[in-house]
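The two complexes that follow have chain A in common; it is paired with chain B in the first and with chain C in the second.
Now for the complex of A and B:
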């Protein structure tokens, strides 16, 4: 009987944690908390997109660039073409997904550090295009006056409303990622990570599946970009550079690379830090660096991984 | 004349300056177990990789049941019914023996990303895969370890699992890369019996790379011997073991050792 309770607790732990995190800003209730919640959600989406690739043992640093692509696409589609936000949001995901799908057959042939460097270069090229193509993307000044998100004719100007949109998008993305790791899809993801030659010998085309996952990861990053653009109403190239990708990576690793809620947990822990310790800005990076080193050294499977292991639900 | 099961025609492949496989040709009639032998470095595994689509030949053509394999990757070749097992034991981490066979039977139906959307096909394949896994567990004598994690099995059973997994997708031909390497005499006998049963009871042709010449001579109807990437002898076992070129290259001149 106690075993059944324990297995129920293990099954309920994820949804309970998710519900607690999603409900935190409304429970605290201040605009600042909603603001943090929105930032956490956007960063968690980006970290989730990176996790999709980490699940197949490929670290892509292009995800911040894909996020930028989604942000600029969403901004231009709504501001200059007058598309409703409800149409721009999925398009902001599809555009980077198409780019990733087109480049995947070339990029994904390489592995390890070479893939990391190629995606780093791709991310830099995307940002460079934003900087250099001034007439379309506004150069270093970026784009201003991006209209607020709106759904069913109602502008989501208030922070609680935008927070609800962010949370809904994140929940949908989590559901998609969960679907992706179930059934035959999960078998293929696990096989790509664990033993690709064996997977191929069983009749699976590895490269097309890797490309599909790369496109899916870019789709999630593009959604994060669209939310970012419409929340701030202003975007510039530097927001989508190397450090954005690295921060998302840190969040994912900190929370737990293989756990669905790992990226969100990492974002919850790391995103508020700079906002909360604005006064101690001089020591912030030092503290951040030391904390990160300690976490990675002592908790290599991430915080959620430790919590799960201590409950004995998974070895 | 019947269409050969496997037709290798003038296949060559170089790595840098090294010609690993040189103008290799042979056609395998259906219904045979063929041995592919030769010393280390003779090009056997490279030839397997060329047939299985892991490597592309520089020259030459490979046909499986009359169909050209040019341009097909390893997944597509496997889906045609040309399966392979690996020299080193090869398992998925954390999965039981039954899960391995289930996946092996199922995943060919999810070979391409678009296949994942054909849920009706997948649902049928899922049901069939469960039955096939159970049947293969019995066939290979693995039923007793069905729920054991594959990586925790003894080496000999892992190799048997590797061979049976290759069959799970309904292959007509098996490329078996050194199935007996690293096995003790008892395990080698069991592997030999399994390969014979696969051929006789399931009608699967086998192309066998193996260093254990006793096993090769006992199982095979025909032997293709490679030396330095080229075919140096080809024929029934009794003839090949007396072929001077084979004896010189493979046995260092001692014909009785075979």
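Now for the complex of A and C:
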């Protein structure tokens, strides 16, 4: 009986944690809390996109560049072409997904540390194109006057409305990731990470699956970019550089790389820090780095990983 | 014009060699991509700043001390942080990112984020034909080349260098000869960081010093090392010259962003076509 209760608790813990996190800003109710909630949501999306690749043991530093592509695409489609936001949001995901899908067969042949370096270079190239192609992307000044998000003819100018949009997008993304890791599809993903030759010997062609995951991860990053662009109304290249990717990676590592809610947990813990410690701004980066090193040394499986291990439900 | 471009190319090549050698050495021995390499360059620069304007030392004394300090900190970092990640490329990389953030934060706390500068120990210009050469840059390039030559001798002509090359090529065989590869990790990491610190100390009078200056340095080291092949010393030297020349040429005629873009596209092409780089080994 107690085992049953424990397994029920284990099954309910994830959804309960998720519900608590999503409902936190409305419960606290101040515009500042909604603002933090929106930032957490956008960062969690990017961290989730990075996690999709980490699940198959490939660290992609190009995700911030994909986010930038989504942001610029969404901004240009709504501002200059006049597309409604409801059409621009999915397109902002599809565009980087198409790029990743097209480059995937070439890039994904490279493994390990070389793949990290390759995607690092790709991310830099994407940002440098934003800087260099001034007539389209506005160069270092970026793009201004991006119209606010709107659905069904209503502009989502108010923070609670935009928070609802961010939360809904994140929940949809989490649902997609969960679907991806279940059943036969989940076994293929696990196989890609664990033993690709075995997978191939069972008649599964690995490369198309890896490409699909790469495209999917770029799709999530593009959605994050679109939300970012329409929330701030202004974008510039440096927002999508190396450190944005690194921060997303750190959120994933902090929360737990293999757990669905890891990226969101990491984002909830890290994103509010700069906003809360504005007074200690000089020490912020130092504390952040030290905390991160301590975490890597003492909790290498992330915070959720530790909770999970103490319950004994993962090997 | 052409002479000037070639001379600029030669001077930046020498500096890139110094930046890249330590980075590639650490990867060759420990298989760790040290994203904090640029921060050790920054440590060298700040050490010169603190020793000259804080303690009133001359530049000639501050330069070796700064390099030794960076090397010593590198030794400590290897002991405390990186040792456990030997062979775990992803884990080591993430730890090096954490170290980079910490060192940037520490520099910002100790020295503020304001830009600092160090007085130039050498001034004046040298004219060769119609080309104009600032003497301070010549000094940096000359010193960097001398350091690279010394490093080359250390690796090629000493028993210690032989052991280093053996770890990079085949750690198992070295172990069979009774030398534990782990014993070489601290020295390799320390020397790598010492070279980075030396690069920072040398260039401190040329550029402004700030906590985030490591990023430019690591980008250059990264491009050189990937082009030359991760872990390959001769490859890094050849790639430094290649980068120095293309960069000088492209930035003279097309602009700096175009030069950076060109080098990153070249990096991607190399990684895709020949991931072991021009130098050959991975």
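Basically, the second predicted complex is superposed on the first by the 314 of 315 C-alpha atoms of A that agree within 3 Å, B and C clash if a C-alpha of one lies under 4 Å from a C-alpha of the other, contacts with A are read in each partner's own complex, and residues count from 1 in each chain.
Basically, a contact is a pair of C-beta atoms (placed from the backbone, for glycine too) under 8 Å apart; a residue touches a chain by one contact, two chains touch by 3 or more.
This structure is a prediction, so every number in the text was calculated from the model and none was measured.
Colleague: Chain A superposed: clash or fit between chain B and chain C?
Modeller: Partners fit side by side after overlay.
Colleague: Using the superposition on chain A described above, determine whether A:208 touches chain B (first), chain C (second), both, or neither.
Modeller: So A:208 only meets chain B here.
Colleague: Does the superposition put A:192 against chain B (first), chain C (second), both, or neither?
Modeller: A:192 contacts neither chain B nor chain C.
Colleague: Return first, second, both or neither, reflecting whether A:56 touches chain B, chain C, both chains, or no partner chain.
Modeller: It touches nothing on chain B or chain C.
Colleague: Pick one for A:75: touches chain B only (first), chain C only (second), both, or neither.
Modeller: neither
Colleague: After the fit on chain A, how big is the angle at chain A between chain B and chain C, using C-alpha centres and going to the nearest 10 degrees?
Modeller: Between the chain B and chain C centres, as viewed from chain A, the angle is 80 degrees.
Colleague: Residues of chain A touched: more by chain B or chain C?
Modeller: Between chain B and chain C, C touches the greater number of residues in chain A.
Colleague: Name the contact category of A:220: first (chain B only), second (chain C only), both, or neither.
Modeller: Neither partner.
Colleague: Is A:64 contacted by the first partner chain B, the second partner chain C, both or neither?
Modeller: neither
Colleague: Between chain B and chain C, whom does A:164 touch in the aligned arrangement: first, second, both, or neither?
Modeller: Neither partner.
Colleague: Scan A:289 for contacts with chain B and chain C and give back first, second, both or neither.
Modeller: The answer is second: A:289 touches chain C but not chain B.
Colleague: Check the superposed model and tell me the shortest C-alpha distance between chain B and chain C, rounded to whole Å.
Modeller: In the combined three-chain model, chain B comes within 12 Å of chain C at the C-alpha level.
Colleague: Where on chain B is chain A touching in the complex?
Modeller: 52, 54, 73-76, 78-79, 83-86, 90-93, 103-104, 106-113, 116, 122, 126, 165-166, 168-169
Colleague: Using the touch definition up top, name the residues of chain A that touch chain B in the complex.
Modeller: By the definition above, chain A touches chain B via 183-185, 187-188, 190-191, 194-195, 197-209, 211-212.
Colleague: Using the touch rule from the top, collect the residues of chain C that touch chain A in their complex.
Modeller: 31, 33, 81, 89-91, 93-95, 97-106, 108-109, 112-113, 215, 219, 222, 226, 230, 257-258, 260-261, 264-265, 267-268, 271-272, 275, 282
Colleague: Which of the residues in chain A end up touching chain C in this complex?
Modeller: 57, 59, 106-107, 109-110, 112-114, 116-118, 120-122, 124-125, 128-129, 131-132, 242, 246, 249-250, 253, 282-290, 292-293, 296-297, 300
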